[in-house]
Structures are given as structure tokens and as C-alpha cells.
Amino acid sequence: MEGLIMSLEIKALYKNFDKISLFSDFNISFQEGTITCILGPSGCGKTTLLNIMGGIIKPDSGQLSGFNEKSISYIFQDPRLLPWKTVEENIEFVLKRDIPAEQRHKVTGQLIRLMELEDFAGYYPSRLSGGMRQRVSIARAFAYPSDVILMDEPLKGLDIKLKLNLVRVFSRMWQADKRTVIFVTHDVDEALLLGSDVIVLSRPPAKILLNRQIDLPFENRSPDSGSLKEMKDSLIDALGN
Amino acid sequence: MEGLIMSLEIKALYKNFDKISLFSDFNISFQEGTITCILGPSGCGKTTLLNIMGGIIKPDSGQLSGFNEKSISYIFQDPRLLPWKTVEENIEFVLKRDIPAEQRHKVTGQLIRLMELEDFAGYYPSRLSGGMRQRVSIARAFAYPSDVILMDEPLKGLDIKLKLNLVRVFSRMWQADKRTVIFVTHDVDEALLLGSDVIVLSRPPAKILLNRQIDLPFENRSPDSGSLKEMKDSLIDALGN
Amino acid sequence: KRSATETGSSKYILATLKGPSAMGMIKMIDSLNNDTGHSVEVKILSEPLQVRKMMLDGSADFAILPTTMAAIMYNKGLKYKLIGVPVWGTLYMVGNNSAINRWEDLKGKRIFVMARGMTPDVMFRYLLTKNGLNPDKDVDLDYSFPTHIDLANAVAAGQAPLAIISEPLASLVMKKNKDIRRIFDLEEEWGKFEDIAVAETAFLGKESVIQKDRETVKRIVSAYALSTEWVNKHPDSAAALIVKYGILPDAEVASRAIPGSHLRFVNAYDAKKEVEDYLYVFYNLNPDITGGKMPDENFIYR
Amino acid sequence: MKISFTGKQYISLASVVFMLLVWKILSLHFKSDFVLPSPEKTLITTLSLFLDGNFLKTVGTTISRGLAGFIISGMLGIGTGILTGINPYVNAFLRPILVTIRSTPVVSIILLALIWLHPGAVPVFIGMLTMFPFICTNVSDGIRSIDNELVVMADFYRVSRKRIVRELYIPAIMPFIVSGASSAMGIGWRAIIIGEVLSQPRYGIGTMMQNAQTFLNADAVIAWTIIAVLISYLFEKTIRWAESKFITWRA
Amino acid sequence: MKISFTGKQYISLASVVFMLLVWKILSLHFKSDFVLPSPEKTLITTLSLFLDGNFLKTVGTTISRGLAGFIISGMLGIGTGILTGINPYVNAFLRPILVTIRSTPVVSIILLALIWLHPGAVPVFIGMLTMFPFICTNVSDGIRSIDNELVVMADFYRVSRKRIVRELYIPAIMPFIVSGASSAMGIGWRAIIIGEVLSQPRYGIGTMMQNAQTFLNADAVIAWTIIAVLISYLFEKTIRWAESKFITWRA
């Protein structure tokens, strides 16, 4: 693995907010075509890191390589839906206008079905439940054609059945195109079910406390048994610090 | 148990939104001084139910008894912080002005410490991370003196350590005053760790699919072993439908 | 600021307009100003609206207004009577076109007049007709500048090569723009047909005051008349006073405007025919200008 | 037309009755038809205006001036408002110009306007000078109050500038646009009428008002005022109705 | 005073230079001091105004009139605006009155105002009639755009009505208040000056303008206009500065 080109890389990252030094000489790299899960205490800078990778926040200093050329989808931590657009329109909003309308419509329709929102395609966000809004936000990110997907707690607020369903759907989708995924979560099980790499960050200034690879195929993963159980314990242990 | 007075009760509840019939002759009751956890698929009407109990949404018809006389705290599904107030001011906002200022300050300070937000007391919400906002919302509900607490996914977006910490703190607090708590969550483990009753709702129109009591003291609960393991499986099973 | 009759205080209020009427009164204003013991206070106002206001709320015991407007006020039931006529025609046709000397020369010309249907417009149309010109066909009347100030500015700026404006603006314009000269004195032209003078401005008195205090009326009338005479005789000294009281910006303009303003104080009952004929011309063309009817004889104080 | 009243309409009616009452009391106080004629008398005058042969022409001309001024100011105002709201440099450039336009009294520029423009166009111009800065300020303040997270989202997904403006900014600032438009129109009618008073075009409510005032027909002045207020009210209603059609997405 | 310019200030300067340039070109075009005197000449006149003994008194009086009108309208407007925003019945009652006030041309009520009020108070009154409806409309539109979830939250926690207004409504509508205040002030100066032109109080920019105009001193008219615009600009700056002090909580 070491020999591969690390195409997404952040080097010597510095970022302060007021008195807080979030990143100070922070280095991290992501292998293309893998799913990297990032865990870490609330407020440690996970969202900030995604925002820096997405170009939304400027770092104080540091080199980012590989992000510029890529097209990126982002499931933001909050759904960020346009209140005046229906579920369908919100998803369709991010699709380029050079895609023919019926194509756009098809993509949108598929994702709406995937998210089990068929009955709500014409609803405005103010009339959706919390979990439904989150699903629209996921659908929007999936609809946008991209090389990299950033996801900030994408599965929060969803019931367990939907969550497992989405994990299944997502791993199937990922197997088809092997996009690079960077996935922030607080749920250790989610990380173990989906991650190719799992990274645990410390409180600020961020350090990488743990970086583990998982080579098992998705189908064989069960967080509460076998080798994953051991990994889960060490993740929880790292997060406990 | 049957013989006890059910002081919080909803009878023959009907509530429609447009074409969707959320509740149709729905009945539920809550024992005073217990923690009731409600689980159910996204969009099944959990938030709506809490809103009805809190008097925020009017039901189409139905009798609510016992809610009126009570003072209620509510952890809303989204934090609902005032953007122009700092963490401290947001918590203090719900305290009555007849409480002396220093008393208010003391309460606020304690909760800020409990939520590990000491360093952020003077921050405006726009500068907080998602999990921090959620914690302010929890602190606000706890600060408000009440007989009943409604909680809509209160622990979402928090890291596992904070979550367990808060569960511990919360169960200690609850043991001291035995308030009535109604707690919506998607996390089966949370429900098993905290609930005196666990209720699973179906898709609309809502039915109670499962209603289980847990008599174990908090200290002895571990969702992945013993009798709780069995209960967990049946909960997940019920949610899978 | 109630009127003298109501408050019992010793001063009568005279509301005059910044223009020829105040110019004629200037000597009187000056002597009143120098001697605080007098029983009259003159207020110099810039808009007829403000004079009307003082008549409506009764705060003016004496007032200056255009005669047509005075007729309106009277016809609407306001208790003010016409005491005298102090100004006799101030309208001129001015322009930078030296080729125009006779009315026929106006044929086909564009002439700027201030407000459609108002006094200067009606008067000018009347004169056109009398001189054998059809106001709607033979000339092109342009109402682009509806107030006298706008029109005066336009004339000074060369934007209105032929226009009907009144004194003292006419003198002011000629001072500011040397190309402009007087072409017709409308008062003179009017006299050629009507054999009367233009009774342009009215000096009014409140009925309650003038009936009770005829003595004061007499005093004011004679002071006003004397002042007017003095002004006509000593235009340069008058001009200095006119500038001093802020009625015009400079003495040269003021002394030129004095002869052009036809200042002459005539008691109303001596000018009865002139007033009536003058009003009748307007009444005939547009009854609204005199308030819908001709004022009855009680309008004139004797 | 079906006439049926809701509670709110009754209250609006009560409000009109209240105003008439205040008016009546004032007119009794002044006891003068020149200062403030009685409501009854004025209402009769108002009705008689409708019968005047030129009534429709007068009102129609003023309304079309108002509409012209409003539409031009609206387009200019929304356009420049969005620009100033988005771009701080455009803002820095335009703000002094806006402040100048906004606070220049009509008296200072009326002569220029009279020289430049046809008398009928002067009121439109004056109306624009009044309405444009408003709409522009409201729109640009609206833009600055847009939830920045939505803008970040749209930028992130490389949505084209044009679509961001059309599908994000415009709907987001709708309340500001409506508020601005409604205020602008309200004061716009006034400006149009003042423009007519000053430029005296052949037809126009302002021309009629000015004539009525010179001839001391206070009842006609007020009658024309009532007509102006009615027109303004109708347009206010229309704007609010349009708002409720546009903004269906609120919970 | 330390003078140092930021990029934006350079642009604002450029904007002023741009306006002067347009002015210069226009004045060259008209070639007449009565229509549009040249900027140089006018600027000299403007400077000479500063030396006039009554300058401070004139400007001071107009400013205090503006402030009086603004403060009264502000208090009334925010108060009634909040009421109309919160309560649809108050809204139904006040809206017709607002529309009436807003669209009644000054000509219709100037006589009443002159009779009622001291000449110095007339401009304040006219200013209020202009500013009040604005602030009120903006505030009430602001209230209607408040995030309802926050209101539900505050109601739920039984926060007192008074505190909800003070700690939720007022901060939430700050952008609307500022926008309204800035527009209102801008147009307010104009109204105050027009009021002075009509009522001719002893001191006042409007009085001076009117005098200059009767004497055909176009340069003085424009010089006073420049002073009015400067005052307006200073107040605009102050309002925006106050806004930035108030709204520190934006990300």
C-alpha cells in the first residue's frame, strides 16, 4: 500500500479560530478509491477539516494536493435545503443544466426512491421530518456527479432500518464506481461497516490518535464479532481519551 | 403496575397532514416518574407526537390529560438557538426573571460545565460545532425547571464518550428527582440504557408495535448481553418492519 | 400668533408677498421696522399659499394676493375686502429674438408660458386673439415650465427663447443674461384694447378689522400709497431697501424692476371698473379663476 | 362579484370608519371648507369626479406613469441591489450614488428634468428617483441577510451564477423585495403626483390637484387625494396577493 | 484625524469622482449657469456657504428637525410595526391607515399642517409622514419573516411576552430595522427639506434653497443640495456603523 500514489493529501495544515488552535502542523492523506472514516470528539475540527478539503474554509497555511482537480459532493452536517424548493427540486438543483431535463428527472426519481421519499417528492422542507430532510441532503450529494464525496454524519437522525439499508445501498454503489469517500461519523459501528480506513482524531490541536485499515469485504463485516470487535474496542478506547 | 394512576395520557388521538393520516385513534399513556423511550421509523410521527404533547401542534381531535398542569422542558429535534445570544445567554434565556441573577448564573454555569462547554460560554452559535449546539440545547432544557422533559433525539451528533457521559449524568440526575421523561431516539442502545419503558411505533398511521419495560438499575445495563440483548434483538426486529 | 383683533394686542399683521407688492411697500416696511411703536407688523412671505394660510386661520389682518385669487377667497366666503390695488401689471414677453417687434412677428413661433389655464396664460391668449392670432394655431404655446421660477431659469439659460414672465423676475433674468430683452409690456398691450389697466394685485383687509378701525386702514393706505410714490421717485434708494429686506438679490435688478412693475396704489373704489373688467376677462374664459362667479359689490371696500 | 366579509375585512372596514370619524371631528373643529371640508361633502365631490369626462384619462395617465416608474425602478433596483448585495466593491461604488439620488430634493433637479423631458415623463422620472434607491437598498440588505450556508452549498455544487441568483437569491430576498416594492409603490404614487404638480402635464391627478388647490377647491383636492389613496391601496393589495402566491413554501 | 484609505474607500472616492465627471460633462453640454452650473463654481459656492454666519444655525436646525422626525417615526414605527407583525388584527386595522398616510401627497395636507403647526414644526411633521410608514412596514415585514421555530421555542419555555419582543423579535428584525431606518432617513431628509421649502421657517436648508431659487442662484441651490446629501451620507454611515456594532453575532 505504501507504494501507491497518495493523490489526496494535506500537509502542514494550520488553522486557528480566535484562541483555539484546531490544526497545527497537521498532516493527513487519503487513498483514492477508498472510504476513510473520521471519528473524533465533538468540536475537535472534523467539520472544519472537511470544509478545508472542500475549499469552503481557507486554512491559515498548509498544502492541499489533489483536491482541486476533483469534483466533489458534500453531505453537510446540516441538510441545507432551499426552503422554497420541493424535495425533487432540491435534489435537481445541483444538477448541471446541460444534462437533459428527462435525464435529470430520472436521476432525481431514482434517488428519491432509494431514500424512500416517493410520497414526499413534492413536499417543501418545512413539511418534512428531520430524518427526511437528512435523506434529501444525502440524495442531493449522490445525484451530483463527483469523484470525491465528503460526508459529515450523513446517517444521523435515521432509523436503524433505513440506516442499514443505506449502508447496504451505499456499499453497493461504491463497489460499482469506487469513488473516494471521506466520511465523518460519531458511530463506531458505521465506521466499521463502511470504512476502508478508520481514523480517530484527538481534541484540538488535532492529532491522529489511531489509523486502522479494514480489508474485509462489506458483506462479511459485523462490528460485534471477530476481528472487528477488537478494532471496535480499540476505537472506543481511543475516543475515550 | 396496571393499578397505578396513569397521569399522562393521550386518548383517541387523530392527526392528519394533507393526505397523510399520522394518528388515527391512537392511545398512549406515560407513567409519572419514568423514562419512556420512543423508537420508530423516520417520518412516523414521533416529533409530531412530542409537539402535540407539548401543546405546539393542535391535534385534529383527541383527549390529552395530565399535560396541562405540568411544566415541560423540550429538547427540540434541531437546537433552535438564538443566533444573537452566546451559549451562556441562550441557556439563561429560558430562566424566569424572578430567579435572582446570581442563581441563574450559577445554574447556567453548572450546565455549561456538565456539557463540557466551559471554553465556549461566550461563543455565538454560528461559531460552534454541530455537537456543541446540540449540547447547548440540552443544557437549556435541563436548566428550565420542569416536571416533564420531552427529548427529541437529544444525543445525536455527540461523540461516543460524551454520549456515555451524558447518559451517566442524566441517569444520576433522574434518580435524584424522578422526573417524567419522554425520549425519542433512533439508537436502540440509548433506549436500552435509559428507558424504563421502550415503545416502538409503526409507520403511519402509528400503532404501538412493541411496549417493553426494563426494571434493571442503570448501572447494571449493558445492551449487548443478558436479557437486554434479547430485548435489543426484538426491538430491532420490530423496527425492521 | 393670533391677529390683533383677537388677542387684543396692539399690532395688526400685514401679510405681503415677496415681489412687486412688497417692493412698493418697502419704504413703509422700513419705517415700521425703524420705529417699534407702530401698530402694524409686516410679514414678507414667499408663496401665495402662505398668505392664504394666514387668511384662512385669520391671523392676517391685511394681506396681499393676486386679484384673481382674492376674488376666489371672497367668493368662497372669506371675510376679506379689497382695499386697494397697488400693482398694475407686471407681465412681459421677453426673449433674445431681436426680429420680433410686432404681434404678427409671433406667427409660427414657440412661446413659453408658465401654467396652462392660469392668469398669465389666459391673459396672453386674450391678447393674442385681440391681435388677430389664434393661440392654438398661429403660435406654439409651450407649458414645459409650469412655475415662474422654472420658467425664469429656463429663459436665463436660453432654453426658452420667447417667454411670458413677470417682474421682478424679468429684470433678474435680463441681469443674468444680457441677450434677453423685453419685447412686449402686456400691461401696455392690454391698455390698447381695454382702455383700462391691469389690476393685478389686491390689497385686502379683514372685514372685522376694517369696519371697526377705519382710522388704521386710512393710515396704512396712505403710508402704502406714499411709500409707492417714494419708490417710483427714488428707485435707487428703494432698491437698496429692497435688497436689505431680502426681496431681491441686488440693487441693480431692483432699480430696473421698479419702473417695470407699474407700482401705483389706487383705492379700490376708485379702481372698481378696472377690477371688475379685469376679473371679467378671466371669468369669461375660465370661471374657476375667479372662484366660479364674479364677486359682488361688497367685495370692494369704501 | 360576491361580497362576503371575513373578520379581518371587518376590521379594515372599521379602520376606514375610524379615519372618517377623525376626519369628521377635525372638520367640525375647523369649521371651514377651505381647511378641511366635511367627509360627506368631499365624498359627494369624489363621486362627482367619476362622472367627469376626463376622469378615466386623468387617472389612467397617472396610473400608467406610476406603473412605468415602478417597473423601471423595479428592474433597475433589483438588478443593482443584487449586485451591491453580492459584491462589496460594487456596493462601495454605488452607495454614494444611491445616497445622492435618495436625498436630493426634487426642487433641486426639477429644472433639469423639465428641460430634458417631456412634461408627461417628468413625473415618471421623479417617481423613479424615489423608488429606485428604495428597492435597491432593500434588495441589497436582503442579500446580505441570506443564510450564508445555502450560498456556500450552491457555490460548492458549482451551480451557475445565473441560477444561484434566480433560484437562491431572488426567492430568499422575496420578503425584502415585496417589502421594498410595497413601500416604494406607496411612496412612489406620492412622488408621481408631486411630479405632476411640478410639471403640470395635460392629464394627471397631480395637475388636477394643483388646479383645485389654486382655485381653493379643498374638497376637490381631498377628493383627488382619496382617489390616489385608493389606487395605492389597490396596488398594495395586488403586491401582497402576489407575495402570497410566490411564497407558498412557508410552513 | 488619521487619514488612511482602504480599497473600498478608494472605490467610494472613485464613485464621487465619477459623479463629478458626469456633472461636468452635463454642465458643459448645457453651457448655462442657470440649468447646471459647473462643479468647480458650485464647489466654491459650497465652500463659501460654510463661511456664512448663519451656516451652522441653518444646518443645525435642519439636522435637529431631521433627528426629531426620525426619532419619533422610529419609535412609533418600530412599536406599531411589531404590533402589526405579531397581530393580524392590528395589521388589518393599521394597514389602511398606513397606506393612507403613505400615499397622501404633501400638497394635500400642507395647508392643514401650516395652519396647525408652527412653521418650524411643519418639516418635522412632513418628515414623519414620510418616514413612519416605512419603518413600520419594514418592521412588520421583518416580524413576519422571523424563524417561527424560535418563536415556538420561546413560547414553549413561557418566556414573557416582553422579553420575547426584546430578546427575540428586535434582534431578529435588526436587519429590517436598519434597512428601514436607512431608507427612511435617506428619504426623510428630502421630506424635511421639502417641508422647509413649503413652510419657510426662519432657519433651514429648505428655506435657503427656496431663497436661492427665487433669486435664480442655481449654484447656491446645488450647493445646498450637496450639503443635504453630505448630511444624509453621514447619517447613512452612522446607521451602518451602528448596525455593525449591533450585529456582531453573524458568523
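Which chain is which? They are A, B, C, D and E, in the order written, and residues in each are numbered from 1.
Simple rule for what comes next: contacts are C-beta pairs under 8 Å (C-beta built on N, C-alpha and C of every residue); 3 or more make two chains touch, one makes a residue touch a chain.
None of the values given here were measured: they were computed from a predicted structure.
Chemist: Chains in contact with subunit B and with subunit C: which ones?
Modeler: E
Chemist: Just to be sure I understand the contacts, which chains border both subunit E and subunit B?
Modeler: none
Chemist: Average the CA atoms of each chain to get its centre, and name the chain whose centre is farthest from that of subunit A.
Modeler: Computed centres place C farthest from subunit A.
Chemist: Centroid from C-alpha atoms only, then distance subunit C to subunit D, rounded to Å. What do you get?
Modeler: 38
Chemist: In angstrom, rounded to a whole number, how far apart do the mean CA points of subunit C and subunit E lie?
Modeler: 38
Chemist: Distance between subunit D and subunit E based on Cα centroids, please, to the nearest Å.
Modeler: The mean C-alpha positions of subunit D and subunit E differ by 17 Å.
Chemist: So how far apart, in whole Å, are subunit A and subunit E when each is placed at the average of its C-alpha atoms?
Modeler: Roughly 50 Å, centre to centre.
Chemist: Any chance you could list the residues of subunit E touching two or more other chains?
Modeler: If we look for residues of subunit E contacting two or more partner chains, we find 30, 34-35, 111, 115, 210, 213, 218, 251.
Chemist: Quick one: which residues in subunit C touch 2 or more of the other chains?
Modeler: Residues 52, 56-57, 153-154, 157, 159.
Chemist: Among all residues of subunit B, which ones touch two or more of the remaining chains?
Modeler: 78, 127
Chemist: Going by the touch definition at the top, which pairs of chains touch each other?
Modeler: So the chains that touch one another pair up as A-B, A-D, B-E, C-D, C-E, D-E.
Chemist: Taking the complex as given, what residues does subunit C use to touch subunit E?
Modeler: 18, 45-47, 49-50, 52-53, 56-57, 149, 152-154, 156-159, 169, 172-173, 176-177, 246, 248-249
Chemist: Quick check: in the complex, which residue numbers of subunit E touch subunit D?
Modeler: Against subunit D, subunit E makes touches at 7-9, 11-12, 14-16, 18-19, 30, 34-36, 88-89, 91-100, 102-108, 111-112, 115, 130, 133-134, 137-138, 141-142, 144-145, 148, 175-176, 178-179, 182-183, 186-187, 189-190, 193-194, 197, 206, 209-210, 213, 218, 221-222, 224-225, 228-229, 231-233, 236, 251.
Chemist: Give the list of subunit C residues in touch with subunit D in this complex.
Modeler: For this pair, the touching residues of subunit C are 52, 56-57, 69, 72-73, 76-78, 115-118, 143-147, 150, 153-154, 157, 159, 288-289, 291.
Chemist: Could you pull out which subunit E residues touch subunit B in their complex?
Modeler: 149-150, 152-154, 156-160, 163, 167-168, 171-172, 174, 247-251
Chemist: Going by the contact rule set out above, which residues of subunit B touch subunit A in the complex?
Modeler: Residues in contact with subunit A: 17-18, 20, 39-43, 47, 77-78, 119-120, 127-132, 135, 152-153, 156-163, 186-188, 224, 236, 239-240.
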